[in-house]
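Before I ask anything, let me first share the structure, which is written out below as structure tokens.
Letters A, B and C mark the chains in the order given here, with residues in each chain numbered from 1 onward.
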Amino acid sequence: MKKRISLIVLATTVMVSVLSACGGSGGNAETSGQGEGGSKQTKTLRFATWDTGDALKIEQDIAKKFEAAHPGTKVQVEAYADGFDQKLAAGFGAANPPDVMYMWDFPTYHQSLEPLDGYADKDPDLNIDDFYKGLFNYGKIGDTLYGIPAGFTTRVVYYNKKLFDEAGVPYPKDGWTWAEFQDIAQKLTDKSKKQYGFGVRAENDTYDLQGFVWSNGSSFISPDGKAIDGYMNSKETAEAIQMFGDMVKNGSAVLTGGKGQQSGDDIFKAGKIAMWESGIWPLESFKQAGVDVGTVEMPAFPGKPVKGVLAESALSIAKDSKQKDLAWEFVKFYVSNDSIKMRVADLPVRQSVVTELKKDQDPLYKPFYAMLERSSDTPAFLLNPKWNEVNRQLSAAVEAVMHGASAQEVLNQAVKDSERYLK
Amino acid sequence: MKKMLTYALLIVFSLLFIAPLFWAVTTALKSQQELYLFPPKWIPSVWKFSNFAEAWNSQPFNLFLKNTVIITALSTLGQLISCTLVAYGFARFQFKGRDFLFLVVLATMMIPWEVTMIPQYMEFNYLGWINTLKPLIVPSWFGSAYYIFLLRQFILTLPRELDEAATIDGASKVTVLFWIIVPLMGPSLILVAVFQVMSCWNDYLGPLIFLNDQTKYTLTLGLSQFKGMYGVDMQSIMAITCLISIPPLAIFFFAQRYIVGGIATTGIKG
Amino acid sequence: MAQTYLHNAREQTAALKPLRKRRWGGAAPYLFIFPWIFGFVVFTLGPLLFSLIISFFDWPIVGKVTFIGFDNYIEMFTDDPMFWTSLFVTLKFAALFVPLNIIIALGLAMLLNQKVRGSAIFRTAFYLPSVISGVALAMIWSWVYSGDYGILNYFLSLFGIQGPDWLNDTKWSLVAMVVASLWGQGSMMLIFLAGLKGIPKDLYESASIDGAGKIRQFFSVTIPMITPTILFNLITSIIAAFQQLTLALLLTGGGPLKSTYFYAMYMYENAFKYFKMGYSAANAWFMFLIVLVLTFLVFKSSEAWVFYEGEMKKNSRDERKSKKGGQAG
């Protein structure tokens, strides 16, 4: 028996040393940053993005330009697509994250990110004043800056002009109200054609709903981020969310699928929903699919100012990065005028670029910039570090409303279930 | 009459299995405008075969194909060799702790991958294997529980008299395995090979976690690139799915008759 | 066939009837299973122990790690309704999926086991869905199940039936997931088919001489002879049911109203959406134990119902075989 064990131990030892030997060589190659066939001086900078398709191609082009401007540097663009969070989890978990990465969820990740105030303040090339005001707030935790804005979008209502023309309904205009919106949705619904006035997401991102809640004069959380009772379950919050549940119930809106299902984008492209609420992302694909599409600002609740929510993508540097200066150079390059002009998938963050390209004159883009001026409120996830937990309850409540529950009731329950996370 | 019923059932079930895939193929062939018609159009009015080429060329799919073939071939070879040895060990020997160890083998099938992922990533990172194909190949050379279990079940159905006779004649265990058992296992080994090819070819999570650089990507990672955070390129997904399904399907088509035909001639008939 | 191999083997090995054998005989089984032992120790055991350890910690992927003893386990059982919801969903799914999966795979395999023309085509057709990658599978199913625009409801409407919005209706969503999962039964069918082909024809012959009809033959010959295969498929089905994640993740996201929120998805979200690695590890260890116990029970019970020819003691078949062998020789 002893002999057997010692034999196995011996064999294991041999195998381990073989494995680590062949691993070792790989490891050395990796840490010294030599790409395959790269010269010894080449430094590899890892840049992680969630973008795909054309947006990714542009990012690769920007990376190539950066390489050209910085000889001896290779930018490895790592496209994580749908697996972005999982890849970052593995990377941070093993202290092997990319040097530069796209980022929006700062409350979750900020402890692993490099504070950027020092870089941003010192570096006049960045030209902070050219950025739209307020964008930097989305990359801050407390007073520390963790991300440089790279792109953003606000949300508007898309409408299918053809369906409006067929029904003889005039196109919606900026300054319209939710009552008008619901009325139009009714008129454009035709059950026999399986056509609906509006599409409601079965699984809403509560982040996106904040615009409606703010517009009705409420919010999910108190401005100091400490209380949700009386905010998340206020009459106004419930009213805003109930409205969508009611539209599904009365048939003027259709419930559009969850993650992998036929999305509202798809059904809008098919000409089966007349109005759809979203960011800038699907605009190009709507055009490509041949939809005669218009955009309009969000409707208002009577007598209250319209508010909007802004989704920002920023660039961050990992705390564990071994080449932070180079990483900063890349970030700066990425948000320079030239790079921003190349990127078309979201809205430019620099005012000078927008003015130069006359983006805010384009009728399709104009509502996005109008909504930008209405995006002054701070989203809940930046106000409380435990928001993720609260949001779990809130999301379930919102989903229940879309399936017919009473908003006031389920929101009260959600507040009750969430209170413990805020203590 | 009975034959007719059999055929009727076979055809009905085949249609159930094929119909949704038929849609995948036609989706890949449609023009953008026809993509979102309701009720759906089964046959596209214009067959846009160019969609296939466009999707394939939109990313370095040739490179992805090469990576996938390397991973699949090497890991399949590894599984065949290692699992045969291990399954034989479990099926034909009495030894201390066998049943316990076999239960451990089974238990490894039940480990949820989500939790071992990060420690495994750390380990491969320590070995310097991240962003290489090694994490996707090397572990295959040490057997996988599913195949060990499968092969063990097969070996157990072979009559023991076969190896006993050989052992009496002085053949060593290794000889018995390679000259008596392995030839009889042919069909089940092909079965294992087919399963490993399929799972390797379609593996998404492994490559996703362990590969960073596009030059190392596999076909499924390329495929997932059509599904971004903000939108899905359904047509390209369907086109690429159709294309990358062809090799495993061909392998299956040629292997299946050995799998089902071969078993009947195993040693059971003596 | 086998006879020849046997013969060759005898000739080949007669020369080296070695001392080696005696010396190494005791270690031989361990050497055979060594690859697995090594792989287990290096690639599985370490990560597994690590996950056990972190299950006693508050271990966010980013941020500070704190030891909290059994708190994760306590929270899970006493203070997390999602734990029970997801566990219940998974048990319901398993109760539907496991038996159906085995019955359908076995049924299809038996259909294919008939002598029919074009069996290669049918086999390939039944296996086809198993070749499709997850991303595409989810899209295909979403198109099948869509309430207003799906083919399933289009098909039903031809018969005047108004189908529900399958994936957005809590009454149907789990059933829809079961059906979608059953679609990928190809591997299991193949294993059954291989098992069925392995049943010696003479068993059926002698059964029919004894006057057994088709149904009797099925229960007294077919089923007993494929019990090792059934055991395999049963255990792997149970494991698959508990680990079901891809479809939920890609198709329903656990909804509507958590009706398809599988335990594996709950674990996944705790790890990668809420970044609570420690908690997720505790979830995983609990599930691991459940499946382990289930498997152990199935395995223990198998001694009573699984029949291995290779393990068979002296019985009538041996005698028959030796008779036949004698004739052949």
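Convention: contacts are C-beta pairs under 8 Å (C-beta built on N, C-alpha and C of every residue); 3 or more make two chains touch, one makes a residue touch a chain.
Protein names from UniProt, one per chain: A = Sugar ABC transporter substrate-binding protein; B = Sn-glycerol-3-phosphate transport system permease protein UgpE; C = Sugar ABC transporter permease.
Small disclaimer: the values here were computed from a predicted structure and weren't measured.
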Q. Think of each chain as a node with edges to the chains it touches; is that a line, ring, star, complete or other?
A. complete
Q | Chain pair bearing the highest count of C-beta contacts | A | B-C
(Q) Taking the mean of the C-alpha atoms as each chain's centre, how many Å separate chain B from chain C? (A) 14
Q: Could you tell me the distance, in whole angstrom, between the mean C-alpha positions of chain A and chain C?
A: 38
Q) How many Å are there between the centre of chain A and the centre of chain B, using C-alpha atoms for each centre? A) 35
Q: Please set out, as single numbers or ranges, the residues of chain C touching at least two other chains.
A: 30-31, 34, 37-38, 42, 61, 139, 143, 148-149, 271-272, 277
Q. For chain B, which residues are shared contacts with two or more other chains?
A. 38, 117-118, 122, 224, 227, 232, 234
**Q.** Per-residue overlap in chain A, given as positions that touch at least 2 other chains
**A.** 19, 86, 89, 93, 194, 267, 270, 272
Q: Going by the contact rule at the top, pick out the chain B residues touching chain C in the complex.
A: 3, 6-7, 9-10, 13-14, 17-21, 23-24, 38-40, 82, 85-86, 88-91, 93-95, 98, 101, 103-120, 122-123, 139, 141-143, 146, 148-150, 153, 155-162, 165-166, 169-173, 175-177, 179-180, 183-184, 187-188, 191, 194-195, 198, 202, 204, 220, 223-224, 227, 232, 234, 237-238, 241, 244-245, 248-249, 252-253, 256-257, 259-261, 263-270
Q: Using the touch definition up top, name the residues of chain A that touch chain B in the complex.
A: 1, 19-20, 22-31, 36, 46, 50-53, 55-56, 76-84, 86-87, 89-90, 93-96, 98, 194, 263, 265-267, 269-272, 279, 281-282, 285, 288-290
Q) In the complex formed with chain A, which residues of chain B make contact? A) 32-33, 35-38, 58, 96, 117-118, 121-122, 125-132, 134, 138, 208-209, 212-215, 224-234
Q) If you look only at chain A, which of its residues touch chain C in the complex? A) 3-4, 7-8, 11-12, 15-16, 19, 85-86, 89, 92-93, 108-112, 194, 202-203, 254-255, 257-262, 267, 270, 272, 388-389, 392, 396, 399-400, 403
Q) Okay, in this complex, where on chain C does chain A touch? A) 26-27, 30-31, 34, 37-38, 41-42, 61-64, 82, 138-139, 142-143, 145-146, 148-149, 165, 167-168, 170, 249-253, 255-258, 271-275, 277
